[in-house]
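Two complexes come next, and they have one chain in common, chain A, joined by chain B in the first and chain C in the second.
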Partner chain A sequence: MHRPFYETHNRAILSVLLVTAFIWSLFSVEWGGNLFHDGGIVTILQIVKAMFNPDLSPRLLKLALVSSWRTLAYAVAGMTLAVIIAFLLGTLASGILVEGRWSRRFSAGLFRALLGFMRAVHELVWAWLFVAAAGLSPFAAIFALAIPYGGTLGRILADIINDVPPEPVRALRAAGAGRVQVLFYGYLPMAMADMVSYVMYRFECAIRSAAIMSFVGLGGLGYQIQISLADLKYNEVWTFIFFLIGLVVLVDLWSMRLRRGLVS
Partner chain B sequence: MRGKVTEIVKPAVQLRNVSKSFGGNVALSPLSLTIKRGETVALVGPSGSGKTTLLNIMATIIKPDRGEVIIDGVPSQNLKPGRELSRKVGIIHQQLDLVDQLPVIHNVLAGRLGEWGICRSLLSLMIPQDKELAFKALNRVGLIDKSHQRTSRLSGGEQQRVALARLLVQRPQAVLADEPVSSLDPARAEDLLAMLTDLVREENQTLIASLHAVKYARRYFSRIVALRQGRVFFDRPVSDVSDDDLARLYDLKEDADAQALL
Partner chain C sequence: MKGDTTGKIVAISGMSITKTSIILALVLITASWGFILTSEGASLSEYFSAGNLYHTKKFLASMFGLDGGKPAFFSAESWSNALKLTYETLKMSVMAIGFTGIGMLLTVIPASRSAADGSITLRSTWYGWLVFGLIRLLYIFSRAVPELVWAMIIIFVFKPGILPGAVALALHNFGILGKLCAEVVEDLDWQPIRALRSSGAGTVQILTYGILPAVTPKFITFLLYRWEVIIRTTIVVGFVGAGGLGQQFRLSMSWFQYTEITLLLICYFLLVVGSDMVSGLLRRITQ
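Moving on to the complex of A and B:
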């Protein structure tokens, strides 16, 4: 029994191909002076220097605080809506609420496709669409966040529900529970810990996304970063970036505490 | 006159020529069995003899390939899942049937889900409903002080008793138990079986349990049904079962293995 060469060494062959492609790609870069524009290196040095010297004047700190608050508010509102969407569409997409193999497949197929459509479009694109339709209102930012995030969370919830051990569910059915009752007494408690940690992880992402929302003019940390960048005030930029990092770290600490509470 | 008589002695569970195979492996050859109300029946036999399949068919979790399953006079396919079925039969497996993440009390009250509507069952997750019923059941199995603990924190034996408390709350006419004591040490196994058989007799329920240890069957049950290779090997009241019968039940299995090896 001799297996062909490419079958026993397929991993090694693929690795060699990929490394060669990478090295080859380096030759297509023009390494001359065109890599950075005139003064590009100087700018980078200025930005790095500004990092150690952020603008900490009371006026700017107050502005950063207000902007952080606004970004956080977008993220919280968008995430809340996303969780509601995910719960409704995710349970339908798991197919556990309907009886029979075909209706189950139909429900799962239809709602998984809907969730896929929602997350196929990036939140920034949704934001453009909503700003075009509804103007520069906070709702545009919230909906733009809620739709793709709801799509992702819903998909994950459906997957987690489908992976739950079947024995307790069968026992609940045997004890006389209907489909909705099994959802609340079996599937959701079993899916809860995984779901909460994933929601918290996505919440971090939502904060970064909410900051980016500002680039379409919706206010918040990203908007301030954009203005300061345009004014070449790098030390102000860094202040805002540090606030953004601070927000993400706070959410991370919160999620760690939540998870510890759920697991023990 | 005759019709009336059959009405009165309506058996708890009746199987008529039931067979089941899983992908070519015969789990049950055509098998018929009648179990009267109030009987306590032990299913014994070597592993792979079809005990679990039989119990799952009686609980309507598995559909037989052929034959009829009649539960309390109603053909099983006519029983509506949910309330109607949960009043007729309840089943406990080996520990696997609890939701680990829920507090004990909700696992016990899950036995009421057949009776409750959706709103009431949702409300119960916040404010436990029919609390006295759950406490009474937990008291009966000696776990009253653990009612609000997370189920996963309980030991295997305690979880088995939680499952028992759920059945007490569900109050089905017939209790099916699949190897209820296989994972317990001997002392706890005796405790649990004594508790189970006492409870069933008090409520005048029917009990059908599969067991791997024949000594428990003789001590706690009124009738022994021995299965071998998907057929009834013998079926008699516990007082008529001789040591010889049991020796043959397990020896023959070894003979069959030996023959297969040859």
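Moving on to the complex of A and C:
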């Protein structure tokens, strides 16, 4: 069978296209010695040297521990709300709660668009808008985290629900279960394992996002990193970064163990 | 009989990690909300108070240009400026994913368990394992640090512009893309590669004829997926002076030019939606 050139070589064509786009982007920078600050190279050497000599004094370790807890607490709070939002909007966006083809399509379209809008805007932009609108409050950071994360998790939940095999659900329907009962006894148990591992993955991301909420004035690891950087105390910067890495790795390990437990 | 017991043990340990996780999650949620509501002094009633509501209304009104003056989104000059910044942001994201991809391609083979245990290179060596461990550590390190923190450090070295932004984005995404792609290499079907090897192919030939064709579609999918994420984050690295829409966003915020903010958000939104569509289209081509 003869197939057109672009069909048989689509991957090669795409690769060439991507490489060309990258080269095109490189032309926007004026390459040369003018890229670095005066003393920029010296600074980077200092920063790298400080990495092997982080500040481990008891005062700083205590501060780092407290800051880690604050970052973790905001990540957890944001994720709690995100999961609730995802559950409500995700089930609506899957369209299984309404009868009939057109109302189903309408429900799915409307709520999928809403979820798309929520996650299109980065959490820090949401945070900034909240702070500009209603002042600095812990809720500004929590809502800012919950909106895009709820959008992502909701989309995934809707996708997982739509992928649930129809036979068990039909059996439930035939046994006289209503829409909500089918959701709780048919769809959700089957979507659970996938959903949990995805929530754990997003939780790891939420820790990083909570850390950078320092940008709008929230305390925590990001805030301390920002202060130490401004004071040019690179040794302290690395201490806080290592704590952040530790936090992320701990969550990663937890989610790995949990995933393995769920699979078996 | 014996298989039965092992099955039971697996089930029990599976149960216990699930149970422990549920308890741990509940403790974390209670402690976090307790901490935020008490020592952080968060109060929902205060947040939704009349005073805050007034401010929010005023803020929204000024975003839509209802407080007098000519809104930026009706000005051709502002539009052309904002579109120029959008174009710059797009270039920054492409550059960032390019750097990320180069870094990933250079490290992904030694970072896969299959290379270290000798499935690709035909022999397993101690330095193979050492390199494997070092690169995996590097991946963890680079992805655990958020883009914004990388940007804050990078901006000490580079002059403001789109290059430091691209480098910061690449540093963070390098770890994520590397991990994802190393797992793709590990999950390969080894039958055709063994066949290649038994017919006398060397390491380079195994790479070009056995591994590369098999991993390309997945690699491109992940690359495009991370590009979508990078587009969303370009605005954030701009906040610390790494150019593009984010830099202007910050300036307009500090000058209280809220209609300008609306315009920048419209452009940002168009960029995100547009790139999602392009990436979806390209992904469908590779499948």
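Heads up, the rule we're going with is that the second predicted complex is superposed on the first by the 234 of 264 C-alpha atoms of A that agree within 3 Å, B and C clash if a C-alpha of one lies under 4 Å from a C-alpha of the other, contacts with A are read in each partner's own complex, and residues count from 1 in each chain.
To be clear about the criterion, contacts are C-beta pairs under 8 Å (C-beta built on N, C-alpha and C of every residue); 3 or more make two chains touch, one makes a residue touch a chain.
Bear in mind that the values here come from a model prediction, so they are computed numbers and not experimental data.
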{"item": "Chain A as common anchor, with chain B and chain C clashing or fitting", "value": "fit"}
{"item": "Which of chain B and chain C A:Leu61 touches, first, second, both or neither", "value": "neither"}
{"item": "Partner chain in contact with A:Leu124 - chain B first, chain C second, else both or neither", "value": "second"}
{"item": "Contacts of A:Leu258 with chain B and chain C, given as first, second, both or neither", "value": "second"}
{"item": "Partner chain in contact with A:Ile227 - chain B first, chain C second, else both or neither", "value": "neither"}
{"item": "Touched partner set for A:Leu172, first chain B, second chain C, both or neither", "value": "first"}
{"item": "Contacts of A:Ala211 with chain B and chain C, given as first, second, both or neither", "value": "second"}
{"item": "Chain touching more of chain A, residue-wise (chain B, chain C)", "value": "C"}
{"item": "Nearest Cα pair across chain B and chain C, whole Å", "value": "9"}
{"item": "Residues of chain A contacting chain B in one complex and chain C in the other", "value": "none"}
{"item": "Interface residues, chain B side, partner chain A - complex", "value": "59, 61, 81-83, 85-87, 89-93, 96-102, 106, 110-111, 113-116, 118, 121-122, 125, 166, 170"}
{"item": "Residues of chain A that touch chain B when the two form their complex", "value": "165, 167-168, 170-178, 180-181, 184-186, 189-190, 192-193"}
{"item": "Parts of chain C lying in touch with chain A, wherever the complex brings them together", "value": "10-11, 13-18, 21, 24, 28-29, 31-33, 35-36, 40-42, 44, 46-47, 52, 55-56, 59-60, 88, 91-92, 94-95, 97-98, 101, 140-141, 143-146, 148-149, 152-153, 156-159, 161-163, 166, 216-217, 220, 223, 232-233, 235-236, 239, 249, 253, 258, 265, 268-269, 272-273, 282, 285-286"}
{"item": "Residues of chain A defined as touching chain C within the complex", "value": "10-11, 14-15, 17-18, 21-22, 24-26, 28-29, 34-37, 40-41, 43-44, 47, 69-70, 72-74, 76-77, 80, 116, 120-122, 124-125, 128, 132-135, 137-139, 142, 208-209, 211-212, 215, 222, 225-226, 229, 237, 241, 244-245, 248-249, 254, 257-258, 260-262, 264"}
